[in-house]
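I have placed the structure first, in the form of structure tokens, so that the comments after it can refer back to it.
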Amino acid sequence: MLTNTRTIRIEWGDCDPAGIVFYPRYFAMFEVCISALFERATGLTKYRMVKAYDFVGYPAVQARAQFLAPAKYGDDVIAETSIGEFRRSSFDVHHRVFNGERLAVEGFETRVWVGRHPDDPAKLKSKPIPAEVIAAFTRAPSPA
Amino acid sequence: MLTNTRTIRIEWGDCDPAGIVFYPRYFAMFEVCISALFERATGLTKYRMVKAYDFVGYPAVQARAQFLAPAKYGDDVIAETSIGEFRRSSFDVHHRVFNGERLAVEGFETRVWVGRHPDDPAKLKSKPIPAEVIAAFTRAPSPA
Amino acid sequence: MLTNTRTIRIEWGDCDPAGIVFYPRYFAMFEVCISALFERATGLTKYRMVKAYDFVGYPAVQARAQFLAPAKYGDDVIAETSIGEFRRSSFDVHHRVFNGERLAVEGFETRVWVGRHPDDPAKLKSKPIPAEVIAAFTRAPSPA
Amino acid sequence: MLTNTRTIRIEWGDCDPAGIVFYPRYFAMFEVCISALFERATGLTKYRMVKAYDFVGYPAVQARAQFLAPAKYGDDVIAETSIGEFRRSSFDVHHRVFNGERLAVEGFETRVWVGRHPDDPAKLKSKPIPAEVIAAFTRAPSPA
């Protein structure tokens, strides 16, 4: 299935007093990578997807990562992102972040497609992922 | 073993356009909770621990969480943090975050105690956790 | 006028590889302090204010700060926050952050009270600040 | 003098429940832009500069910004960054961030070049900016 690859510069503000990435920043990076993967597949930014498909987002219900090698500010890491599986209203994402030749971080997330709850707009409720979105991942992608 | 409990206000800046906590912020919260747990046990802030025991930090090598119920800005969540196990130079942490009666987030981390690498101060190397630190967790803690 | 004072622990994740607060974090702290000041005056969290007064937030149109002394993780700083002036739909905020005896940061912001634009809900538009909210700042505040 | 221009995607995690950039994130963006400007001038990442010139960083002593138009996730903003003036151990930076045709944010910072204090390595002390670094800004820059 479609894999999106991007180079991400580790910035000063991503790092902690040990001089290495403060690990919650990797999960923020995962969010960026998922948006980019969907944009690669559908041609739409997350903002446009939210408007086009009338949903609220795809929050995580599970996330895990292994931090195998540190990265520091000034490093350019390569993040590879792909969907493991699409289900009715959730999907799995696989992330691999390389620092040079080394696998620095490997991450897995489960995300849920949600909209506003029909009975209470302050609440969220899972929605089916549009078939069109899933189909976009199996079509030949547009060039990066 | 010692469990530290703290109330944490979810802030506007912790939340995303869906109005709920942007999940990487929970991992930043875990870091705060671990510092607080060690301070409860040892009486030392992380800064003072780093000075007293001549190490650099305890970065995560593994982290995972389940997000079971959303939290929004203005919510006061209760975070319970405890050490699962201390090993020679690593330890496991267990986090449970309650929003009202509901378990909102459950997290597990493995952290490694590190110092500067003796051959290359730009690198990190695991170090044994001081026996005194481990012992502090089994003594009767000072009142919260 | 009402001043709110709170103690804020500087955390590991607030600090950069120089070991001091990464300064954008002070502006995030200002947001926390404004929410707390309004809650002190009105008795409502920001979430409840947004519901009660049907607005979207009070984004900054101007912000500035002087960083006079560094703070590092483990420091407990004292933040004092007060409103400089309320105007029809905007207000000025003054922040002073002390680290021990020293004034570490002084900040000034102008915030605008906004709602959804009546012609385009994707846009924001300034709204008059409710008289009740302004009045709450001149009443005797409830004890901290 | 040398101006560096870069396109920055506004991400979901940069935005708050109002759906627009949480303004402290612009100051984090300023840090990224300054690193990129120095790298453009000197050919060195911030990490390599810190090693090459034996200093600790260039923290802000003053920062201010006007937020003239909102930006939301999915927007690609254009940030222009230039040095206003170099002094012995400090420098001024000017930032302009455009969202489409509109100037969205204008910012000014004063940064100080610092090293470890000779009498107390836990403290920071200003240092002269290396002449070589300043000279790099007046040479013809390498192509972007």
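Chains: A, B, C and D, in written order; residue numbering restarts at 1 for each.
Here, a residue touches a chain if its C-beta (ideal position, glycine included) is under 8 Å from a C-beta of that chain, and two chains touch if they have at least 3 such contacts.
Predicted model, so just to flag it, every value in this text is computed and none were measured.
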item: If a chain touches subunit B and subunit D alike, it appears here; value: A, C
item: Higher-contact pair (C-beta pairs counted), A-D versus A-C; value: A-D
item: Far-end chain from subunit C, centres as C-alpha averages; value: A
item: Euclidean distance of C-alpha centroids - subunit A vs subunit D, Å; value: 27
item: Centre-to-centre distance between subunit B and subunit A (centres being mean Cα positions), rounded to whole Å; value: 24
item: Centre-to-centre distance between subunit C and subunit A (centres being mean Cα positions), rounded to whole Å; value: 31
item: Contacts with 2+ other chains: residues of subunit A; value: 12-13, 16-18, 22, 24, 28, 31, 57, 72-73
item: Category of the chain touch graph - line, ring, star, complete, other; value: complete
item: Subunit D residues within the subunit B interface of the complex; value: 12-13, 15-19, 22, 24, 72-73
item: Contact set on subunit A toward subunit B in their complex; value: 16-18, 20, 22-25, 27-28, 31, 56-57, 59-68, 70, 114, 124
item: Footprint of subunit B on subunit C - complex, ascending; value: 9, 11-13, 28, 31-32, 35, 45-48, 57, 72-75
